[in-house]
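The chains carry the letters A, B, C and D, assigned in the order they are written, with residues numbered from 1 in each.
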């Protein structure tokens, strides 16, 4: 599959207009100036510059449905349109902002991508099932992102409500673990996310 | 604290009269005889004999309450009367039966100890936060059980409903993580379970 | 592949003649009788009986070679002859004895299967990468063992020395992670161990 | 203990003069300019600016000694002089650079802090025992860093050689797990690292 525009973080735009303030008053301690702008919010230019200079911290989530005993029965894969109009399969993914906890970032991106009625059950453990390292040059690791060096904390998150994809995510497709682990799906995912889905399935004992 | 009668498994009695059949037809493959008894059910004598000869497989659970973001806010500690009338603090604990999955055993013991309305949320991951090894002689490990060599898979399990302790468990006390990690509580728990509670808190990032 | 005689534990025979005493004096507290036999050692008949009645506790190990940075470069797969002369691919596997720690059992079986010069580096963490549940009836889980219900704590163990397989293990084949994860290898392994190898690779970030 | 100058990353200075090039040719793909400077290296001013705007990715390591069976016997705690001459206890800690793998960053900081003869055994698993979130305002989490919002992947690393602290680290003190978990030690550590040491001990089953 041709990969033109990897875009693991369609929510970046809300860096400039989020309804939830991740800084919770932190700016006051930094004298962010009379214009009241939050130093943790980055302009597009600043973000592009940062991406060339530093590893970016991400969170990613594989939404799952579980049965009454907690076993994973289905995996939610997003269908998303890239800026050039290609359709790709992907997962919930986004940047951690300055001053934001990993847990808050995870919840924010789940809500952004799955809608407010998804009711994700964040795990009590703060530990990801894997740390995925995305490099701008392919082959350094299993993961690749043209735009940046990103380090992603990846979680499996059961969702109990109704998913109504928002923003760039057009649709959530629920599939059996076996289908989610298939080479066919991996071929439709960018940047090595097929591998990430398999690692997620392994972590919940649903990989064969 | 004097420890007369460690009793991590008050549910053993239901080995002889469980309503849920864990074997799901397995006995038919073993020719369990015309009396229809399940070979996986042990008499008291047989169980006592097994305990002198083999490591016994257990599951244990630390019930927790979580906030809307999944962070642990409270820990549930059981109050239980021992056969000689002592009161001890403990956690959900019990044996895995022949033919029973770890997940089923965990659910069964949660229901036995917390009642049918506790609504435990079993984790999608089948991995315990620790493997606790109980030896009949103190000092071999952090855990000790006069009766047996038991190896326990220990889980943190969020419960969302109402706990109505049954069987020997008299009461569930909900306490803040800091109190649950205290030396005072550890002194009221048997067999090293104070350590187990601390390891559970560490696994959810709630130990300071 | 026809599976006639699953044999995950070729070391069971040394239950009757081990050089390392796992009980470390435990028998004295149990009055093991005038003949001085260790109650934790089981005769073949007793072991067969126990296997029909209780879950058996196992440890399993996937031996690996690592590079100077700790990354897994090769996976060690054993070639073993079954009692009926079939050749199967397998991993290090064996029972935990009464009174024996998981760590000691792991070390004992590594030494039995890989020889005394393998120099395994047991991990400081006591947590397995997965808990594999083997049932006598296929389909209950990903893992299957005709003889018994076994619950196995499975570890990835770097070995730094020379492997000289002993007992029933004829050979250790070192292969790249990609080959170890292949369907071809899985087809040569019994009881679902191909899945276990993949879960092991996932846990060390070596599954694609 | 008064905490004037938290300094979890004494190696920042080598951002401008490292002997190991973490970027491995990445700059060529970014047209870093005629002066050939690596865009991933930050000047002090740029680094200070980044710290006010983005979460910084760190790795941290708790060095340990293990016995022949892999069990942790001792924990290595660093003694370090702050810029104002105070002595603090700390652990191995440092930033992940642009283009650098987590594993490489971990190795680099271990070598920087413990010297070239420490021979750390990096774990095959890429997963940290915890993700520690340091916020510039105390109380948001268990961890605190005046300078920045840092997210740290924390590992337990057995070292087998001789530690010769370099740079700002004056000394490595080896202590028993019980001492490392004590309130006395925690009081000498900054930013919540006493908690981090306890979580490390919990992860290796060495916390009581």
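Just so we're on the same page, contacts are C-beta pairs under 8 Å (C-beta built on N, C-alpha and C of every residue); 3 or more make two chains touch, one makes a residue touch a chain.
Not measured: the values here are computed from a predicted model.
Novice: Common contacts of subunit A and subunit C?
Specialist: Common contact partners of subunit A and subunit C, which must touch each of the two, are B, D.
Novice: If you tally contacting C-beta pairs, which pair wins, B-D or A-D?
Specialist: A-D
Novice: Would you mind working out whether subunit A and subunit B touch using mostly the same residue numbers, over half shared, or mostly different ones?
Specialist: Interface between subunit A and subunit B is built from largely the same residues.
Novice: Would you mind pulling out the distance in Å between where the CA atoms of subunit A average out and where those of subunit D do?
Specialist: 26
Novice: What's the distance between the Cα centroids of subunit B and subunit D, rounded to whole Å?
Specialist: 38
Novice: Counting only residues that touch at least 2 other chains, which ones in subunit B make the list?
Specialist: Subunit B, residues with two or more chain partners: 126-127, 129-130, 203, 205.
Novice: Chain touch graph shape: choose line, ring, star, complete or other and state it.
Specialist: complete
Novice: For subunit A, which residues are in contact with subunit B within the complex?
Specialist: Touching subunit B from subunit A are residues 64, 66, 69-72, 103-104, 107, 121-127, 129, 156, 158, 203-205.
Novice: Which subunit D residues qualify as touching subunit B in the complex?
Specialist: For subunit D paired with subunit B, touching residues are 130, 142, 195, 198-199, 202-203, 205, 207-208.
Novice: Please give the residue numbers of subunit B that touch subunit C in the complex, ascending.
Specialist: Within the complex, subunit B touches subunit C at residues 24-26, 29-30, 39-40, 42, 46, 50, 52-57, 96-102, 126-131, 133, 135-137, 140-141, 149, 151, 153.
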